[in-house]
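Just so it is clear, A, B, C and D label the chains in written order, and each chain counts residues from 1 on its own.
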Amino acid sequence: MPTKSIGEEFLKGFWKENPIFRQLLGMCPTLAVTNAMINGLAMGLATAFVLIFSSLVVSSIKKLIPSQVRIATYIVIIATFVTIADRFLAAFFPPISKNLGPYVPLIVVNCIILGRQEAFSSKNTVGRSLIDAFGMSLGFILGLLILSAIREILGFGTFFGFQVMGQWFKPWIIMILPPGAFITLGILLALALQIERKTKARR
Amino acid sequence: MKVKTFPHGIHPPEIKERTFDKAIEVMPPPEKLTIPLLQHFGSPAEPLVKKGDEVFVGQKIGEGTALFSASIHSSVSGKVLSTDNHIHPLGHSILAVTIANDGEDHLLPSLQGTKDPFSLTPDEIRQRVKEAGIVGLGGAAFPTAVKLSPPKDKPVDTVIINGCECEPLLTADYRLMLEHPEDILKGAEIVRLATGAESIIVGIENNKKKAFKIFQEKAKNNAAEVALLKTKYPQGAEKNLIYALLRREVPRGGLPFDVGVVVQNVGTTKAIWDAVSQGEPLYQRVITVSGNGIEQPKNVLVRIGTPFQNVINFCGGLKENVNLLVMGGPMMGVAQWSLETPIIKGTSGLLAWKAPLSYFEYSCIRCGRCVEHCPMGLVPSQLMKFVKFDNLIEAENWGILDCVECGSCQYSCPAKILLVHWIRLGKNKIISLRRKNKA
Amino acid sequence: MTNKTFILQSSPHFKDKDSVPKIMYAVIFSLMPAAFASIYFFRLKAVVMLFSCVVVSLATEAIFLWLRKKPFHSLLDGSSVITGLILAMTLPPSLSLELAVIGAAAAIAIGKQVFGGLGHNIFNPALVGRAFLQTSFPVAMTTWIPPVTAKINTATYATPLANLKFEEAVAQGTLTPLKDLFWGNIGGCLGEASAITLLIGALYLLFRRVIDWRIPVGIMVSLSAFTGVFWLISPEKYASPLFHILSGGLMIGAFFMATDMVTSPISPLGSWIYALGIGLIVGLIRLFGGFPEGVMYSILFMNAFVPLLNRYARPQILGERSKR
Amino acid sequence: MNLSARMIAVLTSVGLLSGGFLSTVGLLTKERIALNKQKEIEEAILAVVPGTESSQKLYEEKDLSIYGGKDEDGNLLGFAIHASGVGFQDKITLMFGTNASLTRITNLTILDQKETPGLGAKITDRESFLKYWENKDCSQPLSLRKPPAISPEDLSSSEVNTITGATISSESVLNTVNLSLERLKRLKTEGKFAIEERNAN
């Protein structure tokens, strides 16, 4: 049944099925926490953790779950891992946990995770599901990092907290506010679409 | 005197002075004419003659059998050369009768008038009007006999005689009003008798003061009211005219009958009088030949079927740089591409000038001028967008079918968008879709 | 005369002389008195600001037209000049030039071109640019200097409205006199310096029928009504409606920004609702909001309703107006 | 096994497993999370009442908690007041310290705020705002200097500086401080918390 090679399965999350730029999934954390790269990275890692472990669990017990209650089961599984991630961050990285605020618990409703369970893990082997989850997670982290890099550089003049813009630079505060998130995401989506069109035309 | 008018509308340059004071000249019929068998709103007439037949002036050569149809008559005496498809002013090719003029102008002997036209019954009047093949001469060419038959449940109380001639350049109706006011008023009386109406109102725009004075004078004997209207386009559009004069609104998709009104153009009214009193069918009409591309602008009485070329030659020919030839007025007239095309009953003017080849079309800046000027209260810019994106359902909801294509929106559009063109396209699409659904 | 060729076109065959560029240049022309007033009050700084905003607007427009492979006609239609001009006139004279440049680029790029260029934008581009700057550089956008002609020697200076809002100017009796508001000589954005020059330009536009008279009238009526009620109740606490009309960006907003054809409703009823809404929100923000001035946000806010107004406040079709 | 039984079985077991798992995780992290919170407060107290070795919660009500800071001998150094008030956007939570006689504000820190970045959010910035709060006379309510003074020397001992363009945020900090000080003074005169006695112990 699987038509893709292992490599393709892994790489699709980076571009072809990138959750942010191609599937427009997980917009809530994407827009909310990308005002600094450290937040973006933390959110990406937390999501990755939840996605990978949920995929692992779901794909290994997929035969047991009756299809009528599959969504409920997935949500319980996802919620479990989300709570673990949330508690872990609160216990060991309190400043990040404070910055991310309610968005860590909100990973429960992140469409990427439920979407992958429904679309992939429930139909594929454990191995493939893990590869898929890793690819998707890395794609998501990549997207968050691109977005937060642009916003942090323009909004604070820093890159991962290091000053990169000179003294002359006046930070664009709008970039770390919600409008900045929408504007940046919009421009990135337009660029992604343009690149996709170009590559398609070349093919 | 209070000047009546309707809301919205535009005031384009009038440019009527070229032919304003030129009396109607009778143009001798040409050697060969082509009379199309469709010169009205509705189905084409059935040909009654064939190649080689001898015909008289006023002889019926096409029979209008359908309800929305009108008979066609020969406008010269002579020999039928062919009945074949020929260029029609409205674009497509239509069956037409070509007649070689023998120069004798033999009138059909059987044509006869009525001694006392006012004693005729409504049915007799309608019969005579139908026989004479009269259609609305304002431009729409709606069969007049139909217009004279109000349905039983919609009694008519007012006859409006439309002397607005709101299109720029055109003066044919004005000259007719100056030169034949009595015939027009008598014709109006006939219309009143035929429809059973109580009153007659003649509406004249206030740039035609002279005609207004004459009518006021003459109307004293006829008990017709003469009303002065503001010079504004489209004052002569049926629904707007009714609103201006009577403050009555013709319901959407309705006819003037719905508000108890019949509107007749002055030219049509005169034709009705001629048909009823002399038995003369509609085989000639007055047109304005004007525009700065015409050497000698004139008001001309021409025979139906005369090719444009002959009419223009009669008016001194075209100037060198002319590139636009329009049948009708500049606002609603149809651009023509051939000088072979014949004059038809609905031709109110023949205009020629040099037009710019094209305008740069900007995107709509939503200035709202089309909305401000639309006499029907539509939103032309939005209709244009709906048609452009093929959203015909919305276009219909927004009243695209109520558009009378007067051109006020496109005239006033600063972005030079072809609004009327898009609306026309949308209307055609909707109507053909409806036909398809019915079939 | 044989074989003459004619062009075929659909009716009408007449066209009004007015065109999009003519309308746009009329607006530019009408902004000139206010532009010269700002140059008089703020000297070289105003010249530099006006000039650079216009140039950057044009340049951004050109770049986008080139990227989108569109004809360069719309560069010459004057609309981007207006955007640059109006943006410059809504900026504080103390603003540094590079921020003005960012604002002008943002105005054209995210205010106009991302929507598809002239005629397709939802929000007034100049105001989008200004909102971008206001959010990005709030301090720079709220630091005012007095005009050169006013002989005041302070580094910072409160606008009449900031004075009213934060200094309890009515109670203190330090409210800016109406005379100064009307003739000029007050602190504020470049284009807010003098009401009379804006009025002259606006009268020209009204006379040329470029702008819809309903919009400025509606804004002023609803703002006067709203602020008037509070003024009548306690004149020792609130400023008079006339003060509100003459101060801040209301004049330039009501005559030149709210009336932007693209982002204002097309039907008369829609224009009334739109204008009354703007006036009301300006009043609300000025009296009870966190900012001293609310013209920009209220216009942007009502801009968002224009598509709805165009749909639901459209004129009645002849035949529906009255039932016989 | 029929379908509904299987559904119940699967959901129950998944629920039970995850419940068990979570309670373990909760137990493991609970202590640490509480400790983090404690540490945050303690650090803040140390910042506003310098020299504190141990602290004690003396009073608590909605939006106001009062801590006493003591040196190693148990002498009361001052109070640390943890208070919240309405800012421009959302609640501002701050902590400020006073001396033991409640006549002098030693320091101020902002713990939590959602003010406009770059504008109101400058209340967390020591250079542009907080440094103007160090060592202020608070026997009378403090007042705000408008327009802001250029250097701290220009301010009188009971005046604090405004942030340019963020009058509302500055004002709300001032109000929170003034209100909680007033409350604290009243509580003290009413003898709602007997520091001296505890001190004696």
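The criterion applied here is as follows: contacts are C-beta pairs under 8 Å (C-beta built on N, C-alpha and C of every residue); 3 or more make two chains touch, one makes a residue touch a chain.
As the structure is a prediction and not an experimental result, all values here were calculated from the model.
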Reference subunit A; chain at largest CA-centroid distance: B
Pair joined by the larger number of C-beta contacts - A-D, A-C: A-D
Subunit B and subunit D: spacing of chain centres that average the CA atoms, whole Å: 86
Centre-of-Cα separation between subunit D and subunit A, whole angstrom: 34
Subunit A and subunit C: spacing of chain centres that average the CA atoms, whole Å: 41
Euclidean distance of C-alpha centroids - subunit A vs subunit B, Å: 69
Touching two or more other chains - residues of subunit D: 116, 118-119
Per-residue overlap in subunit A, given as positions that touch at least 2 other chains: 171, 173, 177
Pairwise chain contacts under the document criterion: A-C, A-D, B-C, C-D
Touch list for subunit C against partner subunit B, complex: 1, 4-16, 18-20, 22-23, 73-74, 77, 79, 116-120, 212, 261-268, 271, 310, 314-322, 324
Residue ranges of subunit D touching subunit A (in the complex, touch as defined): 3, 6-7, 10-11, 14-15, 18, 21-22, 25-26, 29, 32-33, 36, 40, 116-119
Sites on subunit C touched by subunit D in the complex: 137-139, 142-143, 156, 158, 166-167, 290
In the complex, subunit D residues that touch subunit C: 88, 116, 118-119, 146-147, 164-168
Contact set on subunit A toward subunit D in their complex: 64-66, 68-69, 72-73, 76-77, 79-80, 83-84, 87-88, 90-92, 94, 155, 171, 173, 176-177
